[in-house]
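The chains carry the letters A, B, C and D, assigned in the order they are written, with residues numbered from 1 in each.
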């Protein structure tokens, strides 16, 4: 290998190391979405961060390899030089590459499975607060989300308000077509499917006002099926709000159907 | 550009390659057909397992009358067996025309099978709003009827070419047709068992 | 050669212009607008403007005469409401359609209007039986939702109608979509197809400027 | 029998009337389409199915289906079928030659012609038409998204716009490389004189223009709100435009399936003697593997569309929970087709770039066998990953780890493609031609596309990213940044062979840089807005994301302009610029397709060469095989 080429390789490798390290340090400290408003949002952020920190060095390495091989040895389009060396493949390099990528993939898959298992079982953070989860039903319809609180007499609300001190158990269902309940900051996304109960648990960690949107195409107002006033509030505020809401709902309460995980509404599929 | 000889104006395709292509093509078609049938099978079993709202098989819906269903199935098997026999006959004595009579019989039985299938579909007493068992079954019956129809067209093509002495039937042609009928028959048998007994 | 190029270019320009025209017309087609009428009244210091709509079971005109629709004063299907910012809209809806019932009973509640109530034929109400609702007038982003009582078969008048009146506040400039929550697109799946997904019938926009 | 005697008396008699009709096939096809439409409309109106207030589905369905049939009948596709049912004599060799367009001028491009090269050129024109029609949709969408509230497009038009853009592009992409370049070059590369089933090949092409027009015509019926995924039960609810989607998608699926069948048969049975599978050019491998995906996946689409038609037209309840159905049925079956479908887009692009790499690096493809293995692996795995589209749908949570693993496992065979590319480029004296630039850009874009795919395959990350603009940007990186870049590069590479004209290299280089940079600035912005929580297919979004959206829109306009400029370059080189006698083999490729004269003779080869090697032996400078004469054995070229 000529010395000039070796120097070039060293420069490229050095650039890769610097870029990869700088990028990973930046990624490690960047406030990546969806944030840490709830436990699962936190773990999603963590997964995205770790995947990004793995992907970035690979990206830089491949791009550096491409730039190196393409740029350093390039010739003009009409050049007539040939490289005498003919390489047809190298089984050692191939085996290493395949083994390496398989290892990475296995690692990512196992890591994802563990995170998933943690997310879908008992939340790790909230053990200090002994309580039962608060059940909140998300009812999607064309084109609005409404929420029912079965432990408060089953009242219904047009906005989502949840207390920050309790584990929340969302039960997502739909009255017509498929919607998807996306509470971005909470890291919750669950399809709302008619006559199907889709359940997600989470533990809020931060109070605040957040956005909810529908993330499955559901017709003309899909783009407007959002609410910027979803709130995670303290336990006291939540109780106050629940009482107010119960008063507001008083005139309609006697007409609401009994609480159930799925509904078969009265006007059937094709009317009547 | 001028260094090469001109290609001949008329090029004759190689008959050996042509017949290999036809056999392979018809088998690939069966592969594609199979995935379509599998998606119906999936729909059937999936909806049955879901039974949303208790509407897989609501009250008042009964499987198709067994007599008619058995008739259709028997005709289907018979048509296949006869076409297969014709294929074997031709295979034993290539060039002989003894298979033609058998194939004509196969065509008649095939048409009868299609007629009974259509009769069955129109006399089920089902309407599409009577649950998903009904929906998948009707759709599947229609799909099968279309398959039988294609098989009939295939036999007509072979027979008319043979009878008018324009395109003599080759062993490979008839074998492809027989394989097609075998496939449709196996699927029909499966559908019969499912719709009658796995309700 | 020149001629051919010129011809080709001309043909391309004509076809291109035609496509552009069609696309433009398709994209910007909107139903006729309803502009709020100003009044001298005021509620809580905000000026009051009047909007009147009529709901019918069949529009009678336009490309879909058998669809349910909100009509403007001229009797055309129209759901584009123009209103001034920071005002109170006094809405009068002549409800002439019969009841078909709510899918989500919660929308039987009057919400987001001044005093959280409405007047039906002069009578103040806070909620109606969800099965008697013919339509709703709901602006989700403003939290406004008013169920419209369906006319019954024994009701008098020509045509028989329920006059629903309510006031609601309009914030600063913006575009707010509104819709009906009664699945009234009869014959379509879940009653939410057809008129429910077509501007001018049961879906509309409130343009505040 | 009287007929048969008459025919047998004059076996090779020309049939002037049928040829005249055939000559005017396109016009007759249009007439047939109109008649078919009217007939279908009439039959559907006879009232054997109840209409709903959206109008009569059956009328529209029958009208569209019969108009497609009428079009094909007018083109003459059923002549042979009906003839064989009636037992007519098969066409004579003279008839076949006529059908191949032998001796015909430009007119063979405007009628039913079974020459694979003519069909390849027809595909080029159609693909470009739909690429730019879909691109116009993209520009309108980006224009609308300049503001976070609906501005000049109404919400209902917006959904139709999104739907049309997506289906047109899916439809274009599923044939973008395999259609023009696959049809044109696969038979040549395997030393065949035509495809195995030439009429079927013409049919796969002529199914597509009606499909495209039917799809576009949905705007006259109120459009369709479902995007390309057509999720039921929203599609059960939609207006009549949905029926246009169903018929068009059905025709597209049929075309994909038949094209797959034809390609597989051709590659298996029509290879020249001595051309083993181990000596196939890598592009042929790509097309071959893709064809299997098309053959096995597209029938599932056909049957699920049949179910949807049944639901919409006869009020069956296969997808309606109240009647016992479930939306998951559509989602499962659709994605069982849909995921192999996206590999139908990309595997030919893999093959194409790996075909071009040796030419510009002047050396053999590094690791030919692992490259084939990589594409095979992608193809096989693609059938086992479809549920990653359903991670948030609430079904089968227990299966999520499996699908997460299988999806991530696809990155191993995909990574092999990068290994092969890097290995081939390693220390090569790469010639920086315009197609080579596109190869490099393909690798860069697809790298981003692949790495973002890992985020989406990871279930916890997918909870946040699913159905957001992140997904949208991810698949645009793979399809637009991958396949379309490969297509542009591939057409630049192959146009000299197909048309005898070369695109201007200087203009091409500038166009490339504008296209590459604006593409990346568009979709990097969209990756970001997706991570920040913007949903796909929305007309209104969070006001705080407006800045990034404006940046993406402006970049997209530049991208659109650069694509238009590329189209202009093609038109310029084909029509406006005086015909230039270009070099026969401007890239000095050793591929057999470049050893043929330009234009390629009707039946490609005089005699088919019998000794083959991989066409990448740039160290010896020997072509794999020279058509027209029988080669002595080459070094390393003997069949093994």
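By our rule, contacts are C-beta pairs under 8 Å (C-beta built on N, C-alpha and C of every residue); 3 or more make two chains touch, one makes a residue touch a chain.
As the structure is a computational prediction, the values presented were derived from the model and not from experiment.
Common neighbours of chain A and chain D, by the contact definition above: B, C.
When every chain is represented by the mean of its C-alpha atoms, the one lying closest to the mean of all protein C-alpha atoms is D. In this assembly, C is the chain whose CA centroid lies farthest from the centroid of chain D. Comparing the chain pairs B-D and C-D, the larger number of C-beta pairs in contact belongs to B-D.
For the pair chain B and chain D, the distance between C-alpha centroids works out to 30 Å. If each chain is reduced to the centroid of its CA atoms, chain C and chain D end up 43 Å from each other. For this pair, chain A with chain C, the centres built from the Cα atoms lie 36 Å apart.
Per-chain Cα centroids separate chain A from chain B by 48 Å. Residue positions 52-53 of chain B each touch two or more of the other chains.
The set of chain C residues that touch two or more partner chains comprises 177, 186-190, 192, 197-199, 203.
Looking at chain D, residues 52, 150, 155-156, 225, 233, 237, 315, 317, 320-323, 326, 328, 540 sit in touch with two or more other chains.
Taken together, the chains touch in the following pairs: A-B, A-C, A-D, B-D, C-D. On the chain C side of its complex with chain A, the touching residues are 100-101, 103-106, 108-111, 116, 126-127, 129-131, 138, 140-141, 143, 145, 177, 179, 181, 183, 186-192, 196-199, 203. On the chain A side of its complex with chain D, the touching residues are 32-34, 40-41, 43-45, 47-48, 51-52, 55, 58-59, 62-63, 65-66, 69-70, 73-79, 81-90, 93-94, 97-98, 101-102, 105, 108-109, 112-113, 115-116, 119-120, 172, 176-178, 180, 182, 184, 187-191, 193-199, 211, 213-224, 226, 264, 268-270. Every residue of chain D that touches chain C in the complex is listed here, in rising order: 52-54, 136, 140, 149-150, 152-157, 161, 219, 222, 225, 233, 236-239, 320, 540, 575-576.
Chain B meets chain D in the complex at residues 1, 4-13, 17, 20-21, 24-25, 28-29, 31-33, 35-36, 38-40, 42-43, 46-47, 50-56, 58, 128-129, 131-133, 135-136, 138-139, 143, 153, 156-157, 159-167.
Contact residues of chain B toward chain A in the complex are 52-53.
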